[in-house]
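Notes to accompany the following structure.
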Amino acid sequence: MLALFQGLVQVLFDGIAFGMLLFVMSVGLSITLGMMRFANLAHGVFAMLGGYITATLMHRAGLPFLATLPFAFILVAIGSVFLERFVYRRMYTAKELDQVLLTIGIVYMSIAAAAYIWGPEPVAFALPDYLTVYRHIGWFSFSTYGAVLLAFGTVITIVIFYGLERTRFGAMIRAAVDDRRVALGVGIDVNRVFAITFAIGSGLAGLGGALGINQLGLDPSFPIEYLVFFLIVVSIGGGGTVKGALVAALLLGLCDTAGKYYVPQTGAFIIYVVMLLVMLWRPNGLFGRA
Amino acid sequence: MTAPALATMGLTKNFGALKVTQDVRFELPAGGRHALIGPNGAGKTTFINLLTGMLSPDSGSIALDGKTITGLPPQARVKRGLARTYQINTLFPDLTPLEAVTLAMCERRGLSRQWFMPLARRKAVIDEAHALLVQLGIGEQARRLTRHLAYGHQRVLEIALALATRPHVLLLDEPAAGVPAQESGILYEVISALPTEIAVLFIEHDMDLVFRFASRITVLVSGRVLCEGPPAQIADDPEVRAVYLGTAVHG
Amino acid sequence: MTADQRAGAPTPVPIADTAVADFRARARWQWYEPIFWLGAIAWYFLFPTYLPLGTQILCAALFALSLDLILGYGGIVSLGHTTFFGVGAYTAGLLAKNGWGEPVTCLLAAAAAAAIVGWVCSFVIVRVQGVALLLVTLGINLVLYEVANKAYTITGGADGLQGIAFKPLFGAFDYDIYGRVSYIYTLAVVFLMFLVARRIVYSPFGLALKGMRENWKRMPALGAALRRHGALIFVLSAAIAGVAGALLAESVQFVALDSLGPQRSIDVLTMLIVGGTGVLYGSFVGATVYMVARDQLADINPAYWYFWIGLMLVVVVLFTRNGVVGALSDLWDWLRRKRHRRGPA
């Protein structure tokens, strides 16, 4: 009985930590999908890029892991600005099939570029010892890494919610997501708001990618492998809502972890079934609007 | 006495605490020309959506030619003879008017799921579609793409699509909305030439059109029927004036 | 439609018969069509060592054609069409593995099985549209893929269905290592299915499909029962996709797990976009371009291939109206208009 309870707590901890990681990676996609109705399937490229930046800085420049994280965020954010400005901006009014295939094309090109620059094998990566060590509180043992994920996720969540609710820029974001045309009419420069939001979201994805190397691994096919996760988070949560992305990411993290823990034979299966059920029940996601 | 073409009894619809349609009793006789007017937010669009089946009422009933249609899905009501046009053009941009009306005719005749025989063999259907377009004055536009048509012609096509289903009752949602003055002539001709067997309900803001074509007016305010009667009577009604002009009613 | 129609030029007052003639003209065989099919026959003689590739191209093209019916004509964007292809492939493969190896009946069985799955899936489209539909269709595909992966006692799992042997065609023509019989058989079946697709497109139902694409919301207002229309197109399209899958299984005598794979769903979408949607030959052009490019480029280096196909996608989406066929057709119309403008010599 106690073992069952302990297992449950372990699953909860790992599941929420994983969920937090997914949230950090996916929240940008949710907001930009809600704001511009743009299906950006290349979102995973930013996560991959963040991972590679961290790995490169650690291996080539010898930077400690935590110090690389700001670079992962900033460099990816800057890179995304160029992509948005020169490629994406032309496609906001295009058919969604065109958007899907354009962004898939970008994914393919990024995979090829990553394989060329960093080689096709998975990155050999080792977290510093102080992060991999397991700590104990009574009978409960947890990895510091998991705790770090939780901490980062919580802080970022709080910052995002505060930013959206209390700052003027946050209000502009909310207005643009709520009704783009009216926001334009009120004088909000929606394109600029979107470009900045897109950069922040992509930067967060890069940060998530860096944080996640330990758990998810990193190789050039990352954007395609984990594309499904991002899409599921956004579809279950509903586009355009941070709350939705958070709930969906946590739900997904828990289901995936619990699935792998309790019924390892079915594994990945479970999250697809969950997604199907949610989509059939609430096609616009749990918190989305039509 | 024959049943009215369209009738509602106690029709009610709430969105949460918002009472959008309240206990509406409405009758449209066969062949009638009736207008539904009311200020913005009066619930006219909701009422139309309830009639066509896009929304389900919370209570009340709707009858077409005396038979209940509450609970039927939209396409079933169309088959029974209830058609509508849209205030904003809801057309098929990359089809020609001929194709669009032919499509409507095929649906009506139950042909639309025939997938093995060529459409080009169906001379009768195509001719009927073409004849309708000519009758409505847009025969010359029949083979241009819908999105290249002038706005006024597109509005006529809206009506053509509805007429193609051979309705008993036609709901015209602001048919002249957005049509520039020089193009509205053909639209007015089409409306006045509508067959007398079809009962028509105009949902309108344009009082010109209402007084020209309607023999009875119903005024809807905040989801309730305020009053109903011939145009002259409605025009003189102080309550109606108050609603539209905002002046207080002097007791 | 003609360039004149696209440009919006008004037509002279038509007589009633011209209306019918208009529909008839559109359904007529165009000049380039026999050239294409003769070319496919010529391939047999010109590239005898590339027949297996040719067979694969034909299967891919048929699969893309089936998707075009739903997507290019019906406007329903599905990211999980491989479901039907895979069902067809596994049906044929399992029948052969368990003793029934007659190729033509396996094809029919594959079509039937895929059609049933298609019918079941069709209920989804009236509940969800847009991005949600993309995800539901992808989800269905992923679920089935995982099921096939895990049920390795039946499907062979990740190794695929092996050890299947189809009996000689019509009892007489055995499969040879050059793939000659395969190619002719596949070409014949694909041509037949093409004729079926042609019928669908120019039938009253074809018009209803285009109506669904052009304005989904207006269809019920015309009396259309979208659920039944959707069921019909899914059944037809899935059956054709199932035939394509079975053809592939019969020609390579093997069913790989990725016959159900979501990667293939993206591949077939790529073929369609590159070739052109809503035009019958877009699927053939796209499949040929894709498969030939892959054959030539992927051998060098898989990453190399990814780069070029990605670039092709980006260029096609950004710079062409409707893939290769769209670009060619626009070019042709532009040339014709220039010639007319120059007037009599």
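Letters A, B and C mark the chains as written, and numbering starts fresh at 1 in each.
Rule of thumb we're sticking to: a residue touches a chain if its C-beta (ideal position, glycine included) is under 8 Å from a C-beta of that chain, and two chains touch if they have at least 3 such contacts.
Quick caveat, the model's predicted, so the values are computed rather than measured.
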{"item": "Chain contact topology (line, ring, star, complete or other)", "value": "line"}
{"item": "Most extensive contact between chains (C-beta pair count)", "value": "B-C"}
{"item": "Most centrally placed chain, judged by C-alpha centres", "value": "C"}
{"item": "Interchain centroid distance [CA atoms averaged], chain A/chain B, Å", "value": "48"}
{"item": "Approximate Å spacing (C-alpha centroids) for the pair chain A, chain C", "value": "34"}
{"item": "Centre distance in Å when chain B and chain C are each reduced to the mean of their C-alpha atoms", "value": "41"}
{"item": "Contacting residues of chain C [partner chain A, same complex]", "value": "71, 77, 79, 124, 127-132, 134-136, 138-140, 142-143, 146-147, 150, 266, 269-270, 273, 277, 302-307, 309-314, 316-318"}
{"item": "Residue ranges of chain C in contact with chain B within the complex", "value": "1, 5-6, 8-14, 16, 19-20, 22-24, 26-27, 199-200, 202-208, 210-211, 214-215, 217-226, 228-229, 232, 236"}
{"item": "Interfacial residue positions of chain A with respect to chain C in the complex", "value": "33, 39, 87, 90-91, 94, 96-98, 100-102, 104-113, 115-116, 120, 220, 228, 231-232, 235, 239, 265-269, 272-273, 275-276, 279-280, 283-285"}
{"item": "Chain B - residues contacting chain C, complex", "value": "52, 73-75, 78-79, 83-84, 86, 90-96, 98-100, 102-104, 106-108, 111-120, 122-123, 126-127, 129-131, 139-145, 148, 161-162, 164-165"}
